[in-house]
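Working notes for the structure below.
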Amino acid sequence: MGAYEGGLSMHSIIDAFQFIGDNLHFMLTKTLEHLALSGAAIAVALVIAIPLGVTLGHLHKGSFLAINASNIGRALPSLAIISIGIGILGIGFINVMVAMVVLAVPPMLTNAYVAVDGVDPDAVEAARAVGMSPGQVLWTVEIPLAVPLMFAGIRTGAVYVVATATLAAIAGGGGLGDVIVNQASYGTAGVIAGALMVTALAFLVEGLFAVIQRLLTPRALRHEEGPAELLAPVVEAT
Amino acid sequence: MQGVPDPGSAAAAIEFRAATKRYPGREAPAVRELSLSVPAGEICVLIGPSGSGKTTAMKMVNRLIDITEGDITVGGQSVRSLDLTELRRGIGYVFQQIGLFPHMSVEDNIGTVPRLLGWPKQRIRDRVGELLELVGLEQSDAKRYPGQFSGGQRQRIGVARAMAADQPIMLMDEPFGAVDPIARDRLQNDFLRLHAEVRKTVIFVTHDIDEAIKMGHRMAILRDGELVQYGTPDEILATPANDFIADFVGADRGLKRLLLRKLAEIELSPAANGERDDLPTIEEDTCLRDALSMMVTQRVSALTVLGTGGERRGTVSMESLAHFADLDRADTEVEA
Amino acid sequence: MLAQLALPIAQGGGPVIPTFNRGSDCVRENRQFCWDWFSSHWSSTFQPRLIEHIELTAIAVGIGFVIAFVAALAAYRWDWAVNPATAVFALLYTIPSLAFFQLMVPFTGLTRLSAEIALVSYTLLILFRNMLTGLREVPPDALEAAQAMGLTRRQTLWRVELPLALPAIMAGIRIATVTTISLATVAAFIGVGGLGEPIFNAIQDGFKTQFIAAGVLAVLLALVTDALLVVLQRVLSPWARTRAA
């Protein structure tokens, strides 16, 4: 069992905090790397998923693709995708990015599609009846009403990316994963420290998006959610 | 409906004894000291405007709503003293939303209470077959699922389910309210036909006065939780107890009385051969109101009544019909 | 970068380090995918890892199901329990997997127990949520009929509520299982085997076939399991497929 022994529990946690204190600059750099990697992947995924999902939903086409994308995407083991990516593209930043985008797109795409496709048809009809062009209908009616559900998908994808970025370390992506997998260089304390920080980061991102989602939801559509609901990522039950 | 049928062997009388239901925080009780007797084998209709307490009163019988004061007895036994589960297994319950179990086949739905009572499988299967025929469904429907049927058909299954264990009484809460008028008419007719065979004691809640008149041996009209009048439809139509009842049953209550009888049930003027050959004919199985309607539209004041074989049974005059529509006089005697 | 990685190596099976000066052309040149290498290493490497992976998943989902089931029944019965339970399960779900596994190690060591604790934790939120939603969406008229017909609370639960909640429960099991398969690949990092192990080992020598083989196997396992569970779901709820006349 090497350096890990059961009796070290609380001590290890304290050591970890010590480690963070001693190596603050380093840990912060790693955290920023992690965020940068995640942010890039989220941005690319957004650019791919949202316009596609919104368009398909607006046209009410491609439901099979849009809905099953999420089912399949959810099934894909993230590490396996990274692994296949390494096999094809080799070690490096691009490979990791590609893998993370592949994993983030499905929930964003599906939710964007379902959100726009499912906008109250009566509202859409009323908008058309007063003479709005399809583009105006989209921007003034469909998208605002679709925001809550769409944003839930973005939130799921974003949190997934932050978590998966941890694995990026094995593929040369950098970030906090580097610390977590490297017990030899950073010791038990470092590994625990990395784990704690990435957990905190995940919570922060989750909370941030939850708050943004809440703010972006038109007041009339807000359900009274308790803190537990805000905290929990939205998972579909298809 | 007229006449009291013989109670079936498996029917029990229901009696309300000053039954009262009070909800905390509300001053007026939902049901106030309701007392009435439903003889075994009869259909008693509870009717009244919204908030009259009719559904509450019915639900007190199987204690879906608890009795605050007073009592209700079924077959002489107080419902408060019986074990709740046993009580309910002895009462068939049919309501507007039907409540069939979507995950069970029709057969399993109907067999729910018999299964609970431990009936052997074959007996249950036989009973299901019997009931399907009784309610007007196909034997092949047994294996299908509720989702595959129309609203009217589902309610038939609901009725079958409520009778499966040959429960002595049935409670029906606006059971035919959710179907279209044509289906409702058929359901009502079929239920009356069924009831003539099985003779259970039924409490039937409705807000539709025409349905009440059609379905009930007796009617109880409630308002604001109190019983205003209890009697046969003919009694209530002929002699409403007060203005409220008179308004409630409708200004055409005289005509409504004519719905209650058929030509076959009344005494006719003898058919004189040769005379009055040119009168329009009508079958004896028609209700008096339809006979009156024909007289009005054909501008005659009498009709020749034909029997089931087409033979002449006699004639009926508008005068004699008017007699049955008389207000302020309920009678069972006939004068031509 | 690679040289710095020092991974705990699992016993049994051992690391697979192809020797580049032996073997076929494909192996020597480290081409994309060498079928010959894969098939020769199937029973020594991949099959046992696959079986380990299935075991890890099955245990996690099994235990998670029991815990979530009890919690869901409690929350269904007692409304106040919903928020605390959801909060706890959501908390556990948000912890990134690699971190969770690493955090377990000081407490329960490099054992299957550590891996299972983490894996079980990840199943709880979705299983709990789906079970609760399933129970709550039972049509109220069916419940009214059950009550009026004289079914006891327990009979109503087992004969009406749970069967009607089954589609939602199965959907939850499906999502939880597939998610666990995914997370179990990461569990190899703390040395418990599974399909993640060949992946981590492959990092040392960059042998492409190993990456792709392990990755594809994990993906196939996930997709096949997903499909099988969909079929199972349809089989268990035949009434959900019928449409009203």
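Which chain is which? They are A, B and C, in the order written, and residues in each are numbered from 1.
Everything that follows uses one rule, which is that a contact is a pair of C-beta atoms (placed from the backbone, for glycine too) under 8 Å apart; a residue touches a chain by one contact, two chains touch by 3 or more.
Because the structure is predicted, anything quoted here is derived from the model rather than measured.
Colleague: If each protein chain is taken as a node and each touching pair as an edge, is the resulting graph a line, ring, star, complete or other?
Modeller: Topology of touching chains reads as a line.
Colleague: Centre to centre, using CA atoms, which chain is the farthest one from subunit B?
Modeller: A
Colleague: So, comparing each chain's Cα centre against the centre of all protein Cα atoms, which one is closest?
Modeller: Smallest offset from the overall C-alpha mean is found for C.
Colleague: List the centre-to-centre spacing of subunit B and subunit C in whole Å, with centres computed as mean CA coordinates.
Modeller: Inter-chain centre distance comes to 58 Å.
Colleague: When the centre of a chain is set as the mean of its C-alpha atoms, what distance in Å lies between subunit A and subunit C?
Modeller: A distance of 19 Å separates the two centres.
Colleague: Rounded to the nearest whole Å, what is the centre-to-centre distance of subunit A and subunit B, using the mean of the C-alpha atoms as each centre?
Modeller: About 62 Å, centre to centre.
Colleague: What part of subunit C is in contact with subunit A in the complex they form?
Modeller: Subunit C residues touching subunit A: 1-2, 4-8, 32-33, 82-84, 86-87, 89-91, 93-100, 102-103, 105-110, 125-126, 129-130, 133, 168, 171-172, 175, 178-179, 181-183, 185-186, 189, 195-196, 199-200, 202-203, 206, 208-212, 214-219, 222-223, 226.
Colleague: Subunit B touches which residues of subunit C in the complex?
Modeller: 139, 141-152, 155, 160, 163-164, 166, 237-239, 242-245
Colleague: Taking the complex as given, what residues does subunit A use to touch subunit C?
Modeller: Against subunit C, subunit A makes touches at 1-2, 4-6, 8-9, 12-13, 71-72, 74-84, 86-88, 90-91, 159, 162-163, 166-167, 170, 172, 177, 180-185, 188, 191-192, 194-196, 198-199, 202-203, 206, 226-229, 231-233, 235, 237-238.
Colleague: Note which residues of subunit B are touching subunit C in the complex, please.
Modeller: Where subunit B meets subunit C, its residues are 62, 64, 84-91, 93, 95, 97-104, 112-113, 116, 144-150, 153, 158, 161, 171.
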